[in-house]
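So that we are looking at the same thing, I have put the structure below in structure tokens.
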Amino acid sequence: MLELRLVQGSLLKKVLEAIRELVTDANFDCSGTGFSLQAMDSSHVALVALLLRSEGFEHYRCDRNLSMGMNLNNVSKMLRCAGNDDIVTIKADDGSDTVTFMFESPSQWILSHSVFFLYNFGQDKIADFEMKLMDIDSEHLGIPEAEYHAIVRMPSSEFARICKDLSSIGDTVVISVTKEGVKFSTKGDIGTANIVCRQNSTVDKPEEATIIEMKEPVTLTFALRYMNSFTKATPLSSTVSLSLSSELPIVVEYKIAEMGYIRFYLAPKIEDEEEDVKPQA
Amino acid sequence: MLELRLVQGSLLKKVLEAIRELVTDANFDCSGTGFSLQAMDSSHVALVALLLRSEGFEHYRCDRNLSMGMNLNNVSKMLRCAGNDDIVTIKADDGSDTVTFMFESPSQWILSHSVFFLYNFGQDKIADFEMKLMDIDSEHLGIPEAEYHAIVRMPSSEFARICKDLSSIGDTVVISVTKEGVKFSTKGDIGTANIVCRQNSTVDKPEEATIIEMKEPVTLTFALRYMNSFTKATPLSSTVSLSLSSELPIVVEYKIAEMGYIRFYLAPKIEDEEEDVKPQA
Amino acid sequence: MLELRLVQGSLLKKVLEAIRELVTDANFDCSGTGFSLQAMDSSHVALVALLLRSEGFEHYRCDRNLSMGMNLNNVSKMLRCAGNDDIVTIKADDGSDTVTFMFESPSQWILSHSVFFLYNFGQDKIADFEMKLMDIDSEHLGIPEAEYHAIVRMPSSEFARICKDLSSIGDTVVISVTKEGVKFSTKGDIGTANIVCRQNSTVDKPEEATIIEMKEPVTLTFALRYMNSFTKATPLSSTVSLSLSSELPIVVEYKIAEMGYIRFYLAPKIEDEEEDVKPQA
């Protein structure tokens, strides 16, 4: 039996909004350590990895490992029915082919998880949504820990704004990291654009800092379309980190407060073939 | 001659927005007692009844009963030209085939209803819109007073949210009332949903209460499409009441502050034919 | 060499939004006295004239007169990448076929205009956008100073609201000015509308006044489509002035704080041919 209770239910809504543009169907994997997901986008170019650790849940019961295949648009439809302050509980019986999302308004205490007892003891409003699970073939890729040439940490809203702005000019972004800063460039029919963010750690609020850890300078090119998809995760975290190496996919990571992270992986485009839309894995 | 002056002109705008999705053309009936409308929706499934009592108007003059046929989209276009704080006056001469809507900004006193005198005595801005009336055939249905098995009073925004949420899952809603609460359920391709609202009268604000008056439990099924149309009236009132009987159409009523009401009537669907879209009257 | 630095960069964004619906491609003319533009709309019915005087810029260097042809949608795309508080610098080298827009966030002082020195001395974020210039044939029309029968100054938001409201009823607006006020009227399939604004100078805030300077009464008819385009300039100024003469195009002028103006010119329609869409110059 599975029963996961998350007081901050809006976080699940944000997680779904962050990944459902990229991934249509995916397996959510539950184990004793947490609730996770790993999936390729439909064109098999980008990879998304989600982890919500069990400690982050108010109540976490997972009797045996479970892989639940879901259509993310359908999950999103159901989660959109939860109020922003609702407590969300995910439930599945062993061997069942359905999952239940339960939403409770937070104002009052609840004695029972059974809807029918709620009439007497529970809250003013309670909703449960039951969804059929799907069988989804998926290979779980091992993602090796890697050393990166450069790691840039910056405000997530700034990164989102830059990707959006550059998209109005071109299709790809060249990211160049030096000790002093990170430069985002693009080129298109109407002209060229360069946006430079200087390293700065002397800001009032730590989440507004731009911090660069660099072993060697690195310059890589990526498809802006995917970068813009990744920035759907911006509401989850005030900062984003970009990990770059010349031989490796970039990792765009959004931490999820105390609980885990969403990481997006995207292979760089080979510069010579920049006109070719298909990235090189 | 007809001359109705409503200080809270925004109320008329809300009334129009509440009904124009359901009804295209309708007769507005004016008599000594008030301003009213009764109309079926175009598929003759739902009925809307509006009453604005004469006492609610600042000035109400109706020399003889008058039935004015109007296209509600055109009325809405004109009313959208009124500011939210404007005073609205509806005028029609006896035997005239036009109606005039006059909008005055509320800041100053006005001595004359004639536009031309306004230059000297009146307000800074005044607008009048004249619209052709239409001949509309309509039978006025007598709606008998009925006893209902159950009446649910609840926050109108909550009811609107529930109808909207369930629409993302299914096409019909099953409403079940027991002493303890009211349950809204639906079923669709992606799964099922149940939302339970418990009776609660011990809330801080009376308009947030959910109150159930019940003679016997009742369970009825309705098309969500119509329910969602009815909730366009939500801005008119902070509460809504649902009156249910197994043999009768549901009445969804929004009170209009001190003045009257909008009532929507919808026949339940017969459960066995749930797949059939056409409700049974 | 050209280098224009405007602290209030959002003003340029507003200027572009004000004219790009009307004009697609246009020459921006730079001289010692200022930055200006004059262009006809694509159907050669309306004329727009922009002036930003050199004194309004923080830094204004223009070594020789320069006419820079630009596609306004492309300029708008680039300017939308500027933050609302950004300082905008426009740069062009003599003989160059490109123009550069540079955006700096305003929080810090910047020592150099070179992007590459910025790493050491400059701001946290700096963006530069380079755009190809175009060759655009255009005749510069001399607009003679004229005496107008009537000049109406009124709140720009009120004028915008009136044009929008009347557009929901008809296609043309009749503007009648008398000593007491200005009347905007229209007629359409669904009815007629008249909006009267009385002269009032005794308001608390001068920008809310409606002031009429009149030598003789004047009544003219204009296409609402163009009037609505002109009101895109509303964010630039809290007041608008309408200059009318029976033999001349109307001038709809929005002052740009301390710096200059946008003026729109539109020929009146000849009343007898009101059904004919093409105005008479």
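Order as written gives the chain letters A, B and C; numbering starts at 1 within each chain.
Criterion: a residue touches a chain if its C-beta (ideal position, glycine included) is under 8 Å from a C-beta of that chain, and two chains touch if they have at least 3 such contacts.
In this text the structure is predicted, and so the values were computed from the model without any measurement.
Relative orientation of chain A and chain B, expressed as the C-alpha superposition rotation angle, is 120° to the nearest 5. Where chain A touches chain C, under half of the residue numbers in use are shared by the two copies, so each contributes mostly different positions. Centre to centre, using the average C-alpha position, chain A and chain C are separated by 43 Å. Contact of a single residue of chain C with at least two other chains is seen at no position. Every residue of chain C that touches chain A in the complex is listed here, in rising order: 71, 74, 77-78, 80-81, 98, 115, 118-120, 122-132.
By the touch criterion stated above, chain C contacts chain B in their complex at residues 158, 165, 168-169, 178, 180-181, 190-198, 200, 210.
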